[in-house]
Amino acid sequence: MNRFEGRSGPIRLGMVGGGQGAMIGGVHRVAARLDGAFQLVAGALSSTEDKARASAEEVGIAEDRTYIDYIEMAKREARLKDGVEAVSIVVPNHMHLPVAREFLKRGIHVICDKPLTGTLSDAKRLKTAAEKSDALFILTHNYTGYPLVREAQARVARGDLGDIRLVQVEYAQDWLAEAPDADNKQAAWRTDPAKSGAGGATGDIGTHAWNLLRFVTGLAPEAIAADLQSFVPGRTLDDNGHVMLRFEGGARGTLWCSQVAAGRENDLRLRIFGTRAGLEWRQENPNALQITPLGGSTEIITRASAATTAGSRRLTRIPPGHPEGFFEAFANIYGEAAQAIRAARTDAPLPEGVTFPSIADGVEGVAFVEACVRSSKRNAAWVSL
Amino acid sequence: MNRFEGRSGPIRLGMVGGGQGAMIGGVHRVAARLDGAFQLVAGALSSTEDKARASAEEVGIAEDRTYIDYIEMAKREARLKDGVEAVSIVVPNHMHLPVAREFLKRGIHVICDKPLTGTLSDAKRLKTAAEKSDALFILTHNYTGYPLVREAQARVARGDLGDIRLVQVEYAQDWLAEAPDADNKQAAWRTDPAKSGAGGATGDIGTHAWNLLRFVTGLAPEAIAADLQSFVPGRTLDDNGHVMLRFEGGARGTLWCSQVAAGRENDLRLRIFGTRAGLEWRQENPNALQITPLGGSTEIITRASAATTAGSRRLTRIPPGHPEGFFEAFANIYGEAAQAIRAARTDAPLPEGVTFPSIADGVEGVAFVEACVRSSKRNAAWVSL
Amino acid sequence: MNRFEGRSGPIRLGMVGGGQGAMIGGVHRVAARLDGAFQLVAGALSSTEDKARASAEEVGIAEDRTYIDYIEMAKREARLKDGVEAVSIVVPNHMHLPVAREFLKRGIHVICDKPLTGTLSDAKRLKTAAEKSDALFILTHNYTGYPLVREAQARVARGDLGDIRLVQVEYAQDWLAEAPDADNKQAAWRTDPAKSGAGGATGDIGTHAWNLLRFVTGLAPEAIAADLQSFVPGRTLDDNGHVMLRFEGGARGTLWCSQVAAGRENDLRLRIFGTRAGLEWRQENPNALQITPLGGSTEIITRASAATTAGSRRLTRIPPGHPEGFFEAFANIYGEAAQAIRAARTDAPLPEGVTFPSIADGVEGVAFVEACVRSSKRNAAWVSL
Amino acid sequence: MNRFEGRSGPIRLGMVGGGQGAMIGGVHRVAARLDGAFQLVAGALSSTEDKARASAEEVGIAEDRTYIDYIEMAKREARLKDGVEAVSIVVPNHMHLPVAREFLKRGIHVICDKPLTGTLSDAKRLKTAAEKSDALFILTHNYTGYPLVREAQARVARGDLGDIRLVQVEYAQDWLAEAPDADNKQAAWRTDPAKSGAGGATGDIGTHAWNLLRFVTGLAPEAIAADLQSFVPGRTLDDNGHVMLRFEGGARGTLWCSQVAAGRENDLRLRIFGTRAGLEWRQENPNALQITPLGGSTEIITRASAATTAGSRRLTRIPPGHPEGFFEAFANIYGEAAQAIRAARTDAPLPEGVTFPSIADGVEGVAFVEACVRSSKRNAAWVSL
């Protein structure tokens, strides 16, 4: 018998990580709350007791559901009658595996921040753990939650672009353009190989770019050639990467990720060129998608407009011209997760159209990072994927 | 003694209106939920019993807090120990007065959709009711919740633009460019003078534009001259308005509102020109504010960037480049309301910087609409404000 | 017999005005030269002898074709066997009539800068002079020379927009936002009623905006209501104007012209909304025209692209993506003039599609200015056109 | 004695190539004419007699200065007292060397279209010929003629960007996305290795991109790794290229050139990121340059505005807001050439600030193409430059 059968109402959610001073934990909480599908009821928000308690109180977690130790949390929540049905994992990369494993093995669904893990071996172990479990595993590659990313995917899939020839994806930021302040925790662990893994910018944002292009194009990768750099003195992990891409069937592309591109905030862009049309989408203005048929005029598809397909419209909440943004897209991943979790209660199939980044996507992302690092060490030689 | 003294945790919220098929009710619910400051616990979502019950269930309101009659709701909630501390009113304009009055007179804070009322006499009555009450009255002119609107206001106030000479504000949509379908409830009441009031586009969106310019510039209006039209055959209320503006001190401007501007979705724009600089902001891309000093280069101020002032940064949740949108701005009005409501529990003053559209703003908005209508009937003669 | 019958090769052109320190004279010379259809051979570039000679030498006019006095120039050129076939008049507004008259009465074609004259009575006199003459009169409302303005006109004419409901045109600059330096000749005469005429911004740029909307829409004006201002202390002519527009058949609109809009360079924009679609064009990015069908997506029509009509393509010189600008558009007016002048040699009809701003457009422009001034003096009362 | 000493007035110009049906010849003619500095007086516009004669007549070249054979033209013009002082060479790449050599050896200045030649050995031979000659050699990498490209160069040079870390340059078109029509002459020779040389897109537009980045950054190239493709069936030359770049001193970059990017017209973009600021310029909207200091707001520098440096202002003709475009930029190369040619008459040094793409730039461009081809054949191995 399915352990969550019979549950109704908002999904009881736990969280590991995301205490005071963290950034992404707060994002997950807003995303979980936005549509009212989840209720945060338990958490091990920090491994420091005081901070764990203060953080939990701040976000409205009851004292008796506040934990210091995530293993303790997993054990106890699994026993509680109203224990959490899902847990959000928002700890540094190297902790994804140990934390996720504890919940997966107790049948609690996992919603995990990206990249999947710091190393490919960890990623594979986590995949095994997920496969052994009845629980779902959702990876928050949140950019695929944007309605117009879904629109792009749908249009590529139905052939609007013809055969894809070129994919240019880039993700440029500048927040690590200088050595971060000592108290910048987010920067600290992201630039520490022990916590972040082999990739710096490639892991933190390159995996997003990779996942985005994979999601939208569906192209099967063949090989990559990467030239990675660490521009900031003393930095060991890459803060910039240029990657050339080859796909099965002959499509080619490039991926550029950078955290030292002065003046760029969170500039994720995707361009795809096929035999029939080209397409462009930019995260910083996510409510517009440009499509230009070969020999025709550029058409600006706006979110939720009449021109959009059902697959993107189901992920919008408000009419066109009322901009949706980062939180709404992130909430869409949670929304998809919620639908999957509810379906899982009765072992029902996923509702039509529901999709989310999976553990397989996560393994692929870490494999991409490791391939980049390997290629770069070999002077940008081609490395199979 | 303050009746809500001692309350803590999320503010218990009720809602009147916003049942199935409505649009703005859902927006209010997301806005209230986004930061976790409110919890929707009671509602009279429809005056039709079946619909009221189904709607309430859908949004997670318990059966014993589901009402058909808003008066009954106001009475009972006022008596309950854990009764609502605030109510969101999302009914058609003509119902704002009667509904709000019931809650105000029982000391329950009111968060009311705009325009304040359908008529100026209603607006004045509601103002009286609000003044008599200890409860707060918050009007959801949500566009002033955008961080960069706050930024614009702060910069105008500190003199970056010098003396203001010109204000050009416009709000263009096209969703009423044709006679709406019979089952379009939102269109139906907005084009019905009995429910909407004297203004069509002027009331529905002109008041937003007016409120926005008033908020950002602080200019005191002197007179307006309006030329209103009803382009769609059979329509009695205006669906387009051109308004020339005169302000005390010599500034001049124009306001254009339209619901028949083919191709425009929700295109609210504000431009201000002073002796020292000009400024532009557009709601459809709300994360950028352009400021051009006379003789200098245009600077693009992005939301949450280092260039922004504290007054706008306190209303952002996430770093620049991660777009915030309509819901986040709307939630900022709820956030300001929450801070005011919490301060009211102990009769504390408003925390510094907290501000929201008030009943006075609401009266002014309806006065603006009536002035437009009066001017237009007199062939666009100047009418004092 | 037509006096220029038998001529071939570049059209011999004279110029009155446009000496050193002037701006628009140089623009006319580039425009005349760009396509090789004209050759500047004579000129009275200044009424000051030294400056006239120095200016003429600088632009390659031979000494024996250099004049101080435009009447002398008209007389002598009319007698010369290889005398000028056309003259460009680029003097301040109040001199357009006397100068043009001298050439018109001798059968020399006139290409005259805008506005037609400083006063409506002058405009009418000039019209009479033009009608009496066999020579052509071309007014350089150069913005109608942009290919995508022609495209807009063609699309409106063929009904792509349906019935026009709204026209919003604006022309904003900031170069007169402060009192100009004493040695700024261009500013000096433009702010001097004796030279500029009754209108300041309305005359200098409002007439361009008016001509643009008239050209593209073809709407017949009914009445206007104008509120004009002189923001800069000591200025007598308007430097900003807000104008509400009524057209026959029910279309409405606004025209805003300003030379004190801080941060605006030469920001001429046209927006038209019909029952079927809306359209937008902006001079500062003239190679794109946006059209949005009601209920459809915005289409970006680029200059010279496959989507354009023959009427706009005939005025482009280079493939899309290679931006054309102000000079090319201005040169298109000269190009149309050249075709007309060549046709006139044999009294042939104008080649199909050739069109240019006429003396009638010029009279209308000055009438528009005077109507604005009259309306504004009467507190923005409606004035018929 | 300098053979052109004593000449004055417009520079007498000849042209080889550019007959009817050609595109770039017409561009050169407009560019030469725009500022009145050149006069086209002789030409061998086609090697087909009828076409040579018809083309020459069409552009106003006298019969006795019309040639079929460029060698004949070089010989005779060199003997004429009023023979051409400079010649524009606008023939397919493989003919640049033989044509240019004839004029160079007779002391006639050469203005040559790019790329310099089809092969590197030809390029070196042409360099030798130019070095032996007293005549100037100007290569029309026209994009460096844009004022804001000069502005970018000046700002990089004075350190506004700090140390350059990254350069991303791209040039995307789609006009060769399908096999061209049989009668498309421009496409025909560009896709024929015998005429175009080893590079397709790399030669035709990649060299522009390369020259642009070299001009603006001044970075010394170290090595490149290129992955070239020929997407259109049957095409032998590359129609797309991805190139990773390494510069001396540690800067890195990418260059993407494509003639199969569906929906792109002439999309040349340059982005540079340094330790202090980032910069972006896009050819399709060439009147704006974006610069973002690290930690600051993006500033939009407009052409001819007060913010620009003298080096870019000297190449503009008209105030900001009046867009200049492709022809004006091309004319700037001709303008620089004119100044150099005039200085050469008296062996005077180049006037300050005058600069143009040289034979050395041309050799470097062809070397870049050959390096790309070589690298690509070796599976994108790094190739030194």
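The first chain written gets the first letter, and so on, giving A, B, C and D; residue counts start at 1 in each chain.
What we mean here is this: contacts are C-beta pairs under 8 Å (C-beta built on N, C-alpha and C of every residue); 3 or more make two chains touch, one makes a residue touch a chain.
Values in this document were obtained by computation on a predicted structure and should not be read as measured data.
**Q** For subunit A superposed on subunit D via Cα atoms, how large is the rotation, as a multiple of 5°?
**A** In short, 180 degrees.
**Q** Where subunit A and subunit B touch, do the two copies share over half of their residue numbers, giving same, or under half, giving different?
**A** The interface is built from the same residue numbers on each side, given that over half of them are used by both copies.
**Q** Of all chains present, which has the mean Cα position farthest from that of subunit A?
**A** So the chain farthest away from subunit A turns out to be C.
**Q** Just how far, in Å, is the C-alpha centre of subunit D from the one of subunit A?
**A** Centre separation, subunit A to subunit D: 44 Å.
**Q** Go ahead and note the Å separation of the Cα centroids belonging to subunit C and subunit D.
**A** One centre to the other, that is 35 Å.
**Q** Which whole number of Å gives the spacing of the CA centres of subunit A and subunit C?
**A** Using C-alpha averages as centres, the distance is 56 Å.
**Q** By the touch rule stated above, which residues of subunit A touch at least two different other chains?
**A** Where subunit A meets two or more other chains at a single residue, that happens at 264, 298, 302, 305.
**Q** How about subunit A: which of its residues touch subunit B in the complex?
**A** Touching subunit B: residues 9-10, 23, 26-27, 29-30, 33-36, 59-60, 173, 175, 264-267, 283-287, 302, 305, 317-328 of subunit A.
**Q** So in the complex, the part of subunit D that touches subunit A is made up of which residues?
**A** Result: residues 161, 165-166, 168, 174, 177-178, 225, 227, 229, 231, 240, 242, 244, 246, 250, 252-254, 256, 258, 260-264, 273-280, 290-294, 298, 379-380, 382 of subunit D touch subunit A.
**Q** Going by the contact rule at the top, pick out the subunit A residues touching subunit C in the complex.
**A** 295-302, 305-307
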